[in-house]
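Below, chain A partners chain B and then partners chain C, in two separate complexes.
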Partner chain A sequence: MTLAADQRSFMPALRRFRRSHEFWLLVVVIVFCLGLGLATDSFLTLQNLFDLLTSNAFVGILAAGLLVVLVAGGIDISFTATASVAQYVALSLALSYGLGWFAIFAIAGAVGVVCGLINAIFITKLRISSIIVSIATLNIFYGLLIFFSGGKYITSLPKYFRDGVWWFEYDDAAGVPYALNLQILVLAIVFLCTWLLLNRTNVGRQIYAMGGNKDAAQRLGFQVFRLNCLVYGYLGLIAGVASLVQAQLAQSVTPTVLVGKELDVLAAVVLGGASLAGGVGTVLGTILGVALLAILQNGLVLVGVSSYWSQLFVGLIILVAVSITAWSERRRRQSKAIN
Partner chain B sequence: MNRRETLKLLGSAALTGVASATSTIAWAATPTMVTVVKIAGIPWFNAVEKGILKGAKDFNIDATMVGPANVDPAQQVKLLEDLIAKKVTVIGLVPLDVKVCEPVLKRAQAAGIKVITHEGPEQDGRDWNVELIDSVRFGEVQMQRIAKDMGEEGDYVVYVGTLTTPLHNKWADAAIAYQKEHYPKMKLVADRFPGADEIDTSYKTTLDVIKAYPNLKGILGFGSNGPIGAGNAVREKRLGKKIAVVGTVLPSQAKDLIADDIIREGFLWNPTDAGYAMVAVARLVLDGKEIKDGVEIPGLGKAAVDVPGKLIKVDKIMRINHETIDGLIAGGL
Partner chain C sequence: MSADTRTARNVSLLTRIGRGGPVTVLSLVLLALLLIFGLLLGDQLFSVGALQSMAFQLPELGILSLAMMVALLSGGLNLSIIATANLCALTMAYVLTHHVPGAEGFMWGAWQVMAVLAGIAVATAIGLLNGAVIAYLGVSPILATLGTMTMCKGLSIGLTRGNVISGFPDPIVFLGNGVIGGVPVAMIIFLALCAPVAVLLNKSPFGHKIYMIGSNEKATRYSGVDTRRVTLKVYVLSSLLAVAAALVMMARFNSANASYGESYLLVTILAAVLGGVDPFGGFGKVGGLMMALILLQVISSAFNLLNFSPFLTVAIWGALIIGVTALAVLREGLGGLRR
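And then the complex of A and B:
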C-alpha cells in the first residue's frame, strides 16, 4: 500500500507501511546498495545511478504498464510484440516522411493502443482467459511484423533521433560524461502517470476494485469493458512509448530483439508485490522490483563475479528477497491470530 | 488364353507397373534438406537463406530454411523432431547448444537422415560440419587486430553470445590463448561475458565493465551484436580513443561505428556462402563422393578436410574496415 491520501495522521500510515511487502523489499534493496557501496568504489556514484536508470529504462517503463493490467486482474504478455510493431511502424514512417519527435511518439502510442484494445475486446467480450488471448496476439502481432518487415533491421535512423536527449551533462572524476537522457526522462514520466492513474483518480480505485473482485465490481455497476479497454490500452500505449526509448538506446530497430523479454518484466512486477490474482500491487513496489533485479545484475559485474556464476546468484537472491517478504507476511498473520 | 493366364498376366503387368512407377518416383524425387538456424528473420540468417536457395537450384536439392522465433535451444530441438517425423533426406543445423541438440540428431541419424552442421565443430551426431573460416585462426586474427590497437598491453574483456554458444567460445578460447602466448602485457580482466547477440545487453554490460575496470583498453566481441552494443556505450561515454572495439559484425549495422573509428575493424565470413556450402556438401554426401583433404567444394574452391573430426573448412575470412565496408554493404550485407 502506498501512503493513502485519506490517512489523517502520518503515524498509522507509517505503521501500515512497515508491515507491507514494499517495506521489506525496500530493506533488501537498501541492504544490497550498502553492501555493494562498501564492496566497490563505483556502485554508489551518480554515474552508476544514471547508467542503471538508462539501461533498465525499457524494462522499467513496461513494468509500470503491466502493473496496471495485473492490478485489474488480467495479464498480458503480448506487449513486447506490440512494442516491436510500434517501433517498426513509427520509425519506418519517420524515415519515409521525415517525421519529428511528436509524430513518432504519437504513431507508436497509437499503434500500441490499437493492439491493446484488440486484447481487451477478446478478453472482455468473449470472456477468454487473458493469458491465452495475449499468447495468441503475441504470435499474431509478431508474425505479421516478421512477415511484412522480412526481419530487416533499420540501422540508419534520423539524426535527431539518434542524438536523442542529452541534458545537464556532467563529467565524473575520470572525465566520463553522463546526463539526463530520453530513457530516464520517459521512465520518470511513465511512473508518475501510472502513480497518478492508480492512486489519484476515480478510475484507479475502480481498477483495484475490479481486480479484487470482478463480479462484485460488475454488480456495483462498473463498466468492466470500458475499464479493460483502459488498462490494456494503457499498457499498449506504454509499450509504444517504451519501444522508442529502446530503439533510441540501441540506435537501431531490430524486430526480433524485444519478444522474449516479457518474462523479465513480469518477474520484476511480481517481485514488486503485484498479485497475479489481481487487486494487489503498487507503483512503489514495482519500482523496487525493477530496481532489485537491475542492481543485482549491475552489482555482480562491478564486484567481479564470474559470468558463469551470475545466473545462480540472481536466482538465489530473488529467492531470498521473496522469502523475507513472505516470512514477514506470515509472521504478521500469526501475531494477528494470537491477538 | 484361359482365365488363370489372363489374371497372371494382368497381375504381373500391374506389379511391374507399380515397381517401375515407384522406381521412377525414387529416381525423380529431389532429396529434401531443411536447415534449422539459430533464429528466424534476422539479416544474418536471411543472407544464409539466400545461399541455401541458390544451392538448392544449383545442386538439385529441395533445400529450405527454418528457425525458432527467438534464441532458444529447446525450440530448435522441436523443429528437429518435426523434421525427423517428416522424413527429410538431409538436416542442416546451426546449433545454439550442442548438448541439447545431440540426442535428437542421433535419432535423426538412426532414421537414416544425413546431418550437416555449420558453426558446430563440437556438435556430436553429425555427418559433417562446414566452416567458412578456421575457428582458431578466426579468433587469433581478431586478437592480433585488437592487440595492435592496444599497443600490445593493458586490460581487455571478451563478449560471447551465450556461455555455451559453440563457435563464439571456440574463437574466444583461441583469441585468449593467443594473447597469453604472444602478448604477455595484455590482461583478460574478467571471465567472458554473455549477451553479445543483443545490442541492449552488450550495451549494459559495457557500461558496467567500464566502471568495474577503469583501465580497460579493449573489448573483443564475438556475436554479431556485441561490438555494436559495446560501440554505442563507448561512443556515448566518449571513450572511443581509449577503448578499442573489435569483433564480428554485420557491415550495414556497423557502418557508423566503423566510420567513427569506435569499432576499429570487424570480422566475418560471408553468410550466403555458408548457406550455399551446406547444400553443396549435402550433395557430395548424397552422391557418395569421397570427402578428403583438398576436395573441391563446387563454387567455393578447395577445402581443408579433417576426416576423423568430420570437419570441412574453406578459408574465407572477411575484413570489414574503412576500405571494404562500402563494397560489402553494396553487396547486400
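And then the complex of A and C:
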C-alpha cells in the first residue's frame, strides 16, 4: 500500500495521496490548528509550538520505533520498561564513571537493543504471540529494575546533561529565547532514520512484505528471525535513546514514571493509520497521529477545559478514528466485491 | 492480532507440553513450587492465616481474569475491563454515598441494590459499545477497547477529578472483607461466578459459538451463526464480570477511584494464557485459569512471606509464562528450535 511506486508524474501521486488515511488526518490536524488559532491567541505562537514539540518528543520518538514493529506485523508493549532500564543504567554509569554524551547514548542504545533482541528471540524461537511475550518481558524488565534499583530516583545528573543541547539560539521580539534542543533534535533524527529505513532500504521493503504476509515472505526466502531481530532491536534502540531525551527534559530519572505510557504511544501510532495486522503504516501518518493527540490535549487546556477531562476526549477521538477507518475499509471491500 | 504465531495456532500453549492438558501441567508446577516454598518457609505458608489472606487477594485478579478470558476465547481482547470496573465502582459509590434513605431498614437495603443495578447498567452500556464497535463496525478488539478504556478512565477522572469516594454501608463492605465459615465472601463470589461461566462456556450453545468464533470466525459465520450478535454478547458478558470485580474491589478498599488496579490489566492476560487460553481464541477452560491464578497467588504470597519486593513477584510471573512455553518447545524437540 505504502510502497511508493516510482513517481512518473506528480499528479497521480497527489490523487493517490488524496484517498489515503494520511490525507484525512492532515485535514483534521489543519482544521484543529486553524480552529485553535482563531479561538485562542496563544496556540499559534512560537512559544506554544516550541513547548508542544519539546514536551511530546518522547512519545513521538517511541511512536516512530513502534511503527516499525507494527509494520512488521508484530506488537511490542515492553518498550516503556526497556526505556526505564536503559535510562537508569546509562545515567547511573555516567554518574559513577563520569561518562560523556557519546557514552551514555551508546550505553542506553545498547541496553535497549539487548532488551529488544530478547523479545525477538522469544517471539521467533518460542513461537508465542508477540503481545504475550512483550507483556511478559514488560513485567520482567520492570520488576527486575525496581527490585535492583529499589525504585530510587536519580536527581543529581551530570552538569553537561542537565544543560542539554541548545543550538542556533534565536530571541524573539519579547526576548524569549528559542533553540534547537535535545528533544527536537533527536525527534527529527529518529523520524528521518525511520523514514529512510522503511522507504529507502531493501530491508524496509522486506519489513513491509513480512508484515503483509509472513508465510509468503518466509517462502520467498526472507530471514524472518533476522528481520524480527532488526525491528525489535530497532525499537529497543529507539526506546533507549528516547529515555535519555525524557530524562533530560525531566532533569531526573524516576524508574516508575515511564511504564504505563505504552498504550498511549500505541494509540498515537494506530491513529496514524498503522494496522495491527501488519504491512500498513507510514512515518507521515505516525507524525500526524502524534500531532493530533498532542494538539488535542494542548488545545483543550488553552480553550479552558479542565485537564481532568482531556483523557475522555482522547478516548473519543481514538474510538471515532478507528471506527471510521474500519467502516470505510469495510465499505471499500464490499463495493469491490460487488464490482 | 499479529501473524507471527500462526504455526502455533491450532494447539494451545500448555497442551503442547503434556498430554494431560493445562490443569495437570500447572498442578505439577504448583506442587514443585509448594515443595520449594514449604522447605523455605515451613508452616508459615500453610497456616490458616496465610491461606485466608491468599483467599482474600485472589478474587480481584480472578474475576478480572474471567472477564478477560471470555473476550480472549472469542479471539478478541478486552483492554477496558479495569477502566470499566473503576467507572462502575465510582457509579455505585456515588449512589451509595448520596441521598441514602436512613441508616437501616427496607429502603436502605433497597437503595444498595439500586446502586449495584446502576453499576450493572453502566457496565452493560460499555459492553454494548465495545461489542457494537467490534462486531458491527469491524474494528480490531485491541483498538476498540483501547478507545473505550481511555474514554471510561477519562470519564472517571473528569467526574471525580481524581478523588476517592469512600465510606460504604456495612453490607457492601462485608462483600470484600467478610468471612463465612472461614472462607472470605469475596472468594465465595469468585467461585459463584466461575461455576456459571464454566457451564455457560462448555454446556450452552452460546459457549460453543464463542469457541467456534475464536477458532474460525468466517467458517462460523458461513455455518449460519450470527457471529456479530455472539460477539456483542461476549463483550457485554465481559463487562458484567468486570462490574462484579468492581464490587469486590470497592468493598475491600471501602473506596472507589479512577485508577485502582491498573497494574492488573496486563496480568489478567498473562493469567489467562498461563491457564491454557489460546491468545488467538478458541481454546481454554475456566479450570485452567483457576489453576493459573492459584499458582500466581502462591508465588505472590510466598514472596511476600520471604520479604521479597512485590516487583520481583511481577518479574517472576512474566518469567513463568515464558518458562512454561520454553518447556513446551523443548519437549517438541530441537525441530521447534531450528525454525
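Criterion: the second predicted complex is superposed on the first by the 303 of 339 C-alpha atoms of A that agree within 3 Å, B and C clash if a C-alpha of one lies under 4 Å from a C-alpha of the other, contacts with A are read in each partner's own complex, and residues count from 1 in each chain.
We adopt the following convention: a residue touches a chain if its C-beta (ideal position, glycine included) is under 8 Å from a C-beta of that chain, and two chains touch if they have at least 3 such contacts.
Not measured: the values here are computed from a predicted model.
After superposition onto chain A, the partners chain B and chain C occupy overlapping space and clash.
With both structures placed on the common chain, the touch criterion links A:Tyr160 to neither chain B nor chain C.
Once the two complexes are overlaid on the shared chain, A:Gln246 sits against chain B while remaining clear of chain C. In the superposition on chain A, contact of A:Gly278 is made with chain C only, not with chain B. When both complexes are overlaid on chain A, the residue A:Tyr308 reaches chain B and chain C alike.
In the superposed pair of complexes, A:Ala326 makes contact with chain C only, with no contact to chain B. When the two complexes are overlaid on their common chain A, residue A:Phe58 makes contact with chain B while staying clear of chain C.
Greater residue coverage of chain A by touch, when chain B is weighed against chain C, goes to C. Contact with chain C, but none with chain B, is seen for A:Leu126 once the two complexes are overlaid on the shared chain.
Judged by the touch definition given at the top, the superposed model places A:Gly260 against both chain B and chain C. When the two complexes are overlaid on their common chain A, residue A:Tyr142 makes contact with chain B and with chain C alike. Shared contact residues on chain A (touching chain B in one structure, chain C in the other): 142, 146, 151, 260, 306, 308.
Across the complex, chain A meets chain B through its residues 40, 42, 45, 47-48, 51, 54-56, 58, 142, 146, 149-153, 155-156, 174, 176-177, 246, 249-252, 254-257, 259-260, 297-298, 301-304, 306-308. Within the complex, the chain B residues that touch chain A are 39-43, 46, 69-72, 163, 190-194, 198-200, 203-205, 207-212, 214, 225, 228-229, 232, 236-239, 252-253, 255-256.
Across the interface of their complex, chain C is touched by residues 73-75, 77, 122-133, 135-144, 146-147, 151, 211, 213-215, 224, 228, 260, 263, 266-267, 270, 276-278, 306, 308-316, 318-319, 322-323, 325-327, 329-330 of chain A.
Partner chain A is touched in their complex by these residues of chain C: 1-8, 13, 79, 133, 137-140, 142-144, 146-155, 157-158, 161-162, 262, 266-267, 269-270, 273, 279-280, 308-309, 311-319, 321-322, 325-326, 329, 336-337, 339.
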